[in-house]
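You will see two complexes here that share chain A, one where it goes with chain B and one where it goes with chain C.
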Partner chain A sequence: MVETTPLGVDGEVPEAEAGPSFVTRLFGIPALGPFVALILVGAFFALKSDRFLTGGNLSLVLQQTIEVGTLAIGQTLVILTAGIDLSNGAVMSFGSIVMTKLAVDSGMSPIPAIALGLLACVAFGVLNGALVTGIRLPAFIVTLGTLNIAFALTHIYSGEATISGLPGEMTFLGDTFKIGGTAVTYGTVVMLALYVVAWFVLTQAPVGRHVYALGNNPEAVRLAGVHIRRLLVGVYATAGLIYGIAALLLVARTQVGDPASGQTDNLDSITAVVLGGTSLFGGRGSVIGTLIGALIVSCIRNGLTLLGVDSIYQVLITGILVIVAVAVDQLTRRGTR
Partner chain B sequence: MNNTARPVLEGRGLVKRYGHVTAMDGCDFELLPGEILAVIGDNGAGKSTLIKALSGAIIPDEGTILLDGEEVRFHGPLDARRQGIETVYQDLAVAPALTIAENLFLGREVRRSGAAGKVFRMLAKRQMLREARAHMDELKIGIRSMRQTVETLSGGQRQGVAVARSAAFARHVVIMDEPTAALGVKESRMVLDLILQIRERGLPVILISHNMPHVFEVSDRIHIQRLGRRATLVATKSITMPDAVAIMTGARSGDLAA
Partner chain C sequence: MAHRLPSSRRSRLVIAPIVGAALLVAALAAGSSAASRTTPSHVSSAKAQVIVGLITKTDTNPFFVKMKQGAQKSAQQLGAKLLTAAGKFDGDNASQVTAIENMVTAGAKGILITPSDTKAIVPAIKKARAAGVVVIALDTATDPASAVDALFATNNYNAGLLIGKYAKAKFGSKTAKIATLDLSPARVTVDVARHNGFLAGFGNAKATASAKGFVKDSRIVCSQDAAGDQAKGQTAMENCIQKSPDINLLYTINEPTALGAFTALKAAGKEKQVTIVSVDGGCTGVRGVKAGKIAATSQQYPLKMASLGVAAVVKFAKTGAKPHGYTDTGVTLITGKPVRDVPSKNVAFGLANCWG
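Then we have the complex of A and B:
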């Protein structure tokens, strides 16, 4: 609606947009803190272990980030709207069972099976969005419910059995190619590409600005004439689609459909989002921060494993990190406002 | 005031009932071109119901609304906005973490021309920054950068952003619902100046306020709402503050010559 800007001047602005000072802008970069944290974590493990900074190990770190990293993109979208999604790991698990079981047990050709798996995840996203907007239930409760529904459906449909012997189309994304002698999976590339797309839409397109504004002040967005319900359902549905892609990446990496997969991934994805500097109250943060947050978790897990530390300590440290990250977020917010 | 001018916005016999409560009971309304019309009334007089009807937030049960002499029916706030009626709300309807420019264009973002805008839906960020700067300058709101987030602004400056947004996009009417209610003395001053600036641009303003000194300072005429109707419509110059309050509270009837 360009023509409704009656004051649309052609250009003559006396001073260039001054903008905040360099330092303010530097601290204004949302993912700067998490990035510094990632560098520190990396430096620590590089000093402690010779193997940490090798290409093969870093490729492994990326591979271990794939599911949680992909789920965390959807989680970021939801959290930016001041919601939360507890169901994503279970939805991914359900999607992976749908696609593998259809292909292996029902003899469906792989591409339609994958499509139906994605569709199942989108359906869960739409259900979440519809319940949050339609009946105005808190996202926490809605997704706690759909978490259990997806979990139960996964086990009912699979009959608790792991599905193996997958067709090549389904595991292709788990194959590798070489970058300078290091094997990287196609799935890693898909995840990184999804981050780029999400970043682009959130920062460069109108709908992205609406998502942020919605988490900030829903009333302002409504008064600005944006269809809030459609936007929210769209966000949850898009998150669902991303969980579906995560399901495909999971299947490709593990080469099986495993009904027991993804059980802690919901909390891990929230951890990644929070460590990435996105506010749990919505409206602030960045998806690039989420990627860094997911990498921090993976680096810590991988590094501690290299150092021979028991895996339960990895969980302990991640837990402490989340609390520290949220506390830092809160304290800095109080400082500015 | 030129009494022969055709009203920009007019309401005739507006009725709105909520169950057994009649919030508006045959209310009339008239806004002339280029004037600042204050709407005052006690709590429960039907002030906000009237304003909601005029800004499309509710649909009246009976009566007609005329915009530039033609009957209109608003099916929502967006509808009224499309017809050139912009509303500034008291609760500062801005998104704090977005920049000034983003807030000004919220819901009306300008996209780039060509494939970048049509296919990739890319925002024309530079153009929006430039236009935001022009809007703010025109209203003499001194803010250094349009890239600042709104949360870094004072309450008055925030309201300034909301006012600038309405003024920029309004073609017919700007409605201000208690624009100074949340502000301090100095910041209220700034917003009152903004209201005068908008009138200078030729746009009529409807000002809803509880603050009598503000009303008497900037308005040309006063619409006094009482018991769901217009008790009187009077030129500000021809009424005193105590009389206005007396009509508002029912201590005096509104039948004085306007």
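Then we have the complex of A and C:
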């Protein structure tokens, strides 16, 4: 009867107490699989190139993870509730144009401009959440719509022009400080800090457990007395705020407001989430896994460039990895039932 | 059921990231000492083989495929190692920034780049140059042009001028109703230069090489943006035919646009009344000239841009002499029906030198 259980409907990991063998317990550790994969990828490139494991290069890989890595935090929150967010890259792009255009073209001082950029992203999050809960549209449809709306607004508002000459407050997060001779950007620290906060809230706070539960069994959550609509709108709004922070990090990293940015980030962030072992059916996964998933993609891109391998192979390998990662995940779960 | 995380799992959730973070810090620390160790070998290996980076807008456009071939061939001849990368789509600045960073880390002496976003790429180029890397723009100038060491590119104004002159010689005193299918509302330099060059060749005195934006011309009855894309070119032309059925001269930013427009004209039964001129010289485009769909096109030479670029980087690595300024890689008018006073080459020449 084990085989007939529909995949992902019950996304529960067997608890360690139920299957006490070492292997079973090992697979119970969230993000272990992705972590091993990251180590393998890292070891491979370290063997092949003497430049890969340098401090400067590792710092660079982290920097290059900032955009998709930060968006993927919001994506993880949404996916844990059994939703999906196709709009995140476009919303980030819109936020980055709002903050840079207000500061450069409208002469607003940088801090309020950044605040309004963040607010624009939160507004999109609230809109997504309200449509998903209010009219009960599928998240896929809602965010497909807001993806196009945010994309269009970005291009209309920017007039298709790249905005440069940004004030120092906006690019500050792109500046670096030294850890033992390695230059690290402040933006990298912000991203890692966001991961720590998200991990803490998701695993240690009651609201985090509600988010997981929502993806598993919304009816049970409702019966437990949790206001589901408020929780969902909160999740999408928080995701929006994280996209806004991603916008600020992107602007700091590239030092321009670029209306063409973020176009493939929605799928790239979903890739990071999936590689990190989070179930697309919701309720199961970890945000730390997502960070590792994002890092795997960055390492492959960076490592292959160092080896002189054409960039299109990075896309090819990522595609294969996604399928392998999910397949291995599903097989081990079936095996441990 | 709402309690999904039994305490034993939670404790492991705590452990995993801590172990991860510890490893990361250890790696960073070990890495920084490794960095100082590898510096001498970096210098010696650079002497052994010069590393050249090539970053194109996309992987798929035949123009860039040809560019890559040119760079590969030249790198092979000169004993250099070529690294290549590309954006995922035209306008993908983030991927190009990432590629520059990775190539600098890989020890590239010089980077050749066709910037997807002429302004947005500038800070990344600045960083690379500050690290001692020579950066050469191919095909497209950066904004400002001084952001790179040198530019190897087609003179797009001249490319437009040639087809404008050709059309003028063909039309003589006949009244022209012009449609233009341009690139995009961003009005990047190549878009403006080809458009204005064409108008200048067709006798518009205001359309100088230094004019900002599109110059006005009362003979233009329809202008659309088609993103250099065949399907969009077809749609745009269909709309132009609806607006002005008496169009008799069509300028397009590139040949895919021209071929899309031809499909629309043919469907409307107007393909005989309209003279199409274009820019690029891709093999599909030249075959379009051969088939009589396109009257004339200005052919450019991506292979030459790339091979000159690789040679310049190798020269810099060996002698320390940096390339500088603008090098025109030339254009040739390709047509099956030559006109007096405008020098051109035939389709056979065009096919022998085309790309794609």
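The criterion applied here is as follows: the second predicted complex is superposed on the first by the 309 of 337 C-alpha atoms of A that agree within 3 Å, B and C clash if a C-alpha of one lies under 4 Å from a C-alpha of the other, contacts with A are read in each partner's own complex, and residues count from 1 in each chain.
Keep in mind that, in the parts below, a contact is a pair of C-beta atoms (placed from the backbone, for glycine too) under 8 Å apart; a residue touches a chain by one contact, two chains touch by 3 or more.
Since we're looking at a predicted model, the values are computed, not measured.
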Partner touching more residues of chain A, chain B vs chain C, is chain C
Check: Which of the two partners, first being chain B and second being chain C, lies in contact with A:Ile312: first, second, both, or neither?
Finding: second
Contact-wise, after the overlay, does A:Thr254 reach chain B, chain C, both or neither (first, second, both, neither)?
second
Next on the checklist: Is A:Ser106 touching anything from chain B or chain C once the two structures are fitted on A? First, second, both or neither.
Outcome noted: neither
Just chain B (first), just chain C (second), both, or neither: which does A:Val221 touch? both
Checklist entry - Touch check for A:Gly283: first (chain B), second (chain C), both, or neither? => result both
Next on the checklist: Tell me the contact category for A:Tyr212 with respect to chain B and chain C: first, second, both or neither.
Outcome noted: both
Overlap of chain B and chain C contacts on chain A, residues 13, 17, 204, 209-210, 212-213, 216-217, 220-221, 224, 226, 283
Within the complex, chain A is touched by chain B residues 77-78, 81, 87, 89, 91, 93-98, 102-103, 106-111, 120-123, 129-131, 133-135, 138, 144-148, 151-152, 168-169, 171
So, in the complex, the side of chain C touching chain A is made of residues 1-6, 8-10, 12-17, 20, 27-36, 38, 41-42, 59, 81-86, 88-89, 91-95, 97-99, 101-103, 105-107, 116-120, 122-124, 184-186
Seen from chain A, its contact residues with chain B in the complex are 1-2, 4-9, 11, 13, 17-20, 200, 204-207, 209-210, 212-213, 215-217, 219-221, 223-226, 283-284, 336-337
Residue positions on chain A within touch of chain C in the complex are 12-13, 15-17, 28-32, 35, 42, 49-51, 53-60, 63-64, 67, 159-162, 164, 179-182, 196, 199, 203-204, 209-210, 212-213, 216-217, 220-221, 224, 226, 250, 253-256, 258, 260-264, 283, 286, 288, 292, 301-302, 305-306, 308, 310-312, 315
